[in-house]
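Which chain is which? They are A, B, C and D, in the order written, and residues in each are numbered from 1.
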Amino acid sequence: MAIRAVVWGENIHEHINKTVAELYPDGMHATIAKALNADSAISATTATLQEAEHGLPQSRLDDTDVLVWWGHKDHGAVSDEVVERIAKRVWEGMGLIVLHSGHFSKIFKRLMGTPCALKWREAGERERLWVVNPGHPIAEGLGENFVIEYEEMYGEHFSVPEPLETVFISWFQGGEVFRSGMTWRRGAGNIFYFRPGHETYPTYHQQEVHKVLQNAVKWAHIPRPAYKAVHDAPNVPVEKALEPIVERGPKLHAAGEQGYK
Amino acid sequence: MAIRAVVWGENIHEHINKTVAELYPDGMHATIAKALNADSAISATTATLQEAEHGLPQSRLDDTDVLVWWGHKDHGAVSDEVVERIAKRVWEGMGLIVLHSGHFSKIFKRLMGTPCALKWREAGERERLWVVNPGHPIAEGLGENFVIEYEEMYGEHFSVPEPLETVFISWFQGGEVFRSGMTWRRGAGNIFYFRPGHETYPTYHQQEVHKVLQNAVKWAHIPRPAYKAVHDAPNVPVEKALEPIVERGPKLHAAGEQGYK
Amino acid sequence: MAIRAVVWGENIHEHINKTVAELYPDGMHATIAKALNADSAISATTATLQEAEHGLPQSRLDDTDVLVWWGHKDHGAVSDEVVERIAKRVWEGMGLIVLHSGHFSKIFKRLMGTPCALKWREAGERERLWVVNPGHPIAEGLGENFVIEYEEMYGEHFSVPEPLETVFISWFQGGEVFRSGMTWRRGAGNIFYFRPGHETYPTYHQQEVHKVLQNAVKWAHIPRPAYKAVHDAPNVPVEKALEPIVERGPKLHAAGEQGYK
Amino acid sequence: MAIRAVVWGENIHEHINKTVAELYPDGMHATIAKALNADSAISATTATLQEAEHGLPQSRLDDTDVLVWWGHKDHGAVSDEVVERIAKRVWEGMGLIVLHSGHFSKIFKRLMGTPCALKWREAGERERLWVVNPGHPIAEGLGENFVIEYEEMYGEHFSVPEPLETVFISWFQGGEVFRSGMTWRRGAGNIFYFRPGHETYPTYHQQEVHKVLQNAVKWAHIPRPAYKAVHDAPNVPVEKALEPIVERGPKLHAAGEQGYK
């Protein structure tokens, strides 16, 4: 069965900015989903901010293997309830790919536990992404580096937790560097942040970017049932201990009592 | 100058549970602070849930190098405002040591971005902590393992992010294991989780535990000014680029405009 | 195409020790290969110490996706030339699974750069392996823990580099713990160490162990051409710089000269 | 007591290359040692390739807290015996700082277990080092970036193991990036690789470089006795098991027998 990906788009600038509308007439989310569907291992659909529950009711998330996230102008409009719902699904094993300005999305900051801040400059400068981890599945099929001719600059320090692995580092014309592809695992779920994708440039029409996104979805996918136990803090009664033990010493909790949360 | 540590105690069970009151007549926080003060490199004071702003107004946090946290019965009583204040100070470089049941504290979950759940059993069983990272400063002066004769069991899976380093792994009589000492960095701040410390046992009167806590405070301490830049996402104007560049391509933001958050 | 795995066996104790011969009449390597072949995604063959070039000429390694290694009694008998050959293939992307007493094999020590030492006791005690990373592909299909009733004890400190991820931690009856499943990447190649497998016990006949080994082979496999560039340290001449630069300053090397190694 | 650092220099180019001789009339090692001694917490001396045992007999290494290594032209001239001796001291807890072309030194490759290869260009181009880990002790006292006006370029992919932490990433004028400051721990010893330092440029006369080297020596230092146990793989007899166990099952080793190595 194909990997079920959902591409979430904020879907605002496509309607209020002429440049963005011309570059992405069907919406950035639709362009990204189309790129993913070019890989037969992936079946991608879309969801947007404006839909009920932002297009992400529990039932749909339960049927999603990997969620791809692009937002910029109105991170605050995403409801806290949906953010918590997504976090829980990631902990259960749903993959999450966060793109570009999504570094400041509620869901990314929620899962990182850090400010996720960075430097930026919108000057259409050249970005060159270097593969620093050629054995990583997300780097598959790419050369040693590739160029995006027009991009917004993001510069260090990018205040995220030290990643599991760094896959790409970007060079910018104006003198900055950036860790542009990083992975983390949170609970059972894989997370990948990918830097490029400013809405006024044709980044999501570029072949190498398509390849990275396809690779990332396949890497993030965990082909197994949701790991629901991640939410529990079960008491293991003495009589069910794996090795026989004798209870002793003073106690705080009565038998069978729930723990505090 | 000595490292300025603040030991935060929930300070509830000491007043409502006879066993805890007898073991820690001055409060667990006071016992821990006394143990830290036995090391001349550390100057420890205390704060409790019941004080105004839980004893942690901004001015005090600004003068704190390392915060030690013990809570269990009423994590929810800690105000969200104080939690955010602590998180910001950690990102700026304040160290944080989270103890035992503090795995479910708001501040720990906030900084980890995961459920931080685990298995547990209160049966006074034997715990043996093994040093799996003998070069780590937190293991200094300890043998290859040490025993806490009476402890609550915590078992895997402990749903926290993969740590920077694992220092201790516990063996429990009833058949479980647990990663009992782990480190992370979030922003500029060092974080250490240390498992032992159930309130009905004399854990915080034990010599090896004192040594771990002293080591941890010294390890977590960063002797330098607060890293305030961690909160900023500054625009770098084209005319201030480090390498001369020429602006080009379409733009979303007018000159000097703030980014979205 | 199925993943091409080669199971390498030292193949000594099967011939000189009655217990081992009865447990593994076809050799441990054959038993392990058979377990791998039960997964249709894997095509496993065997190689042994006694064959020419230990069964691992360059041509065969070039056609191997994942190498599984079991050795114990005579690590020193493996030729240094073959060890270097294997290391190079790992850097190019071949997966390597090292089993049990293979912690002291030349190839594992070569790739880790550390002593790889540990404590041990041969007393047929109970080992319980806990999954500490339930989202990891190597833990797929396993419960939260599983027991091997008779095993040799290995205890910490296990002097290997901090792993990329820890998948299993073992509890032993006699009071020790051990990080029994760990991953590393070296060059483009994935490495997994799996602790169980003492030759006098029926470990490799156990279902859960088969599942771990199948998972590990699939995880370690990188479906792409050998990354030969890992061996090179190429000079990038000024005239071929990606961004135009002007050569300046004093030089050590004449134009086109090779670097020192 | 001050940290006992030894700066090891290959000490060849200073004698055969006019540029190097003029930049470093006392030898690069002497210049680096002088910079370290400007920090009162450090007491640095030097050793060179040409001395007996390269200036590093066992007795001296036993009295060394941190070894700093610069070599380039003749890595092969360092005896394998001395390399093994250094590796053992690192595992016991001696710090190691490897500089620039030392990426290809025997000792660095021995401890990394990988090729440690990279791209290079000697064109006197501008290098800008960005701090990507502002909380790390090695970044203390530095700004968000600093420039070395004339340097040799090193480009990715740098084939080393994923580091414990990345501290610096370099931007180069010609379009490359490089992870210029990385840390690892091997056994009990801390290792730091620092990229800059080509011999035909005045890099080791620059203030920021001095600061990094001083910070690195202080970070790498472990103030405790040598961890000799790292070399041992002791048998733990049944009668000395921490928890009482009964021996059972077939055995390979007779009582008290040594394990295989």
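One rule holds in what follows: a contact is a pair of C-beta atoms (placed from the backbone, for glycine too) under 8 Å apart; a residue touches a chain by one contact, two chains touch by 3 or more.
Computed from a predicted model, the values in this text were never measured in an experiment.
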item: If a chain touches chain A and chain B alike, it appears here; value: C, D
item: Farthest chain relative to chain B (centres taken as mean CA coordinates); value: C
item: Pair sharing more residue contacts (C-beta pairs) when B-C is set against C-D; value: C-D
item: Centroid distance [mean C-alpha coordinates] between chain C and chain B, Å; value: 36
item: Chain centre separation (chain A, chain C; CA means) in Å; value: 31
item: Distance between the centres, which are taken as Cα means, of chain D and chain C, whole angstrom; value: 27
item: Where chain D touches two or more other chains, by residue; value: 128, 133-134, 144, 155, 157, 162, 164-165, 173, 175-176, 185, 187, 229-230, 242-243
item: Residue numbers on chain C that touch chain D, as the complex places them; value: 13, 17, 19-20, 72-76, 87, 91, 101, 104, 110-115, 117-125, 150, 153, 155, 157, 159, 161-162, 164, 173-176, 184-187, 198-201, 229-238, 241-243, 245-253, 259-261
item: Complex interface listing, chain D residues touching chain A; value: 128, 130-134, 144, 155-158, 162, 165-166, 169-172, 175-177, 179
item: Interfacial residue positions of chain C with respect to chain A in the complex; value: 93, 128, 133-137, 140-141, 144-145, 164-165, 173, 185, 187-190, 222-224, 227, 229-230, 242-243
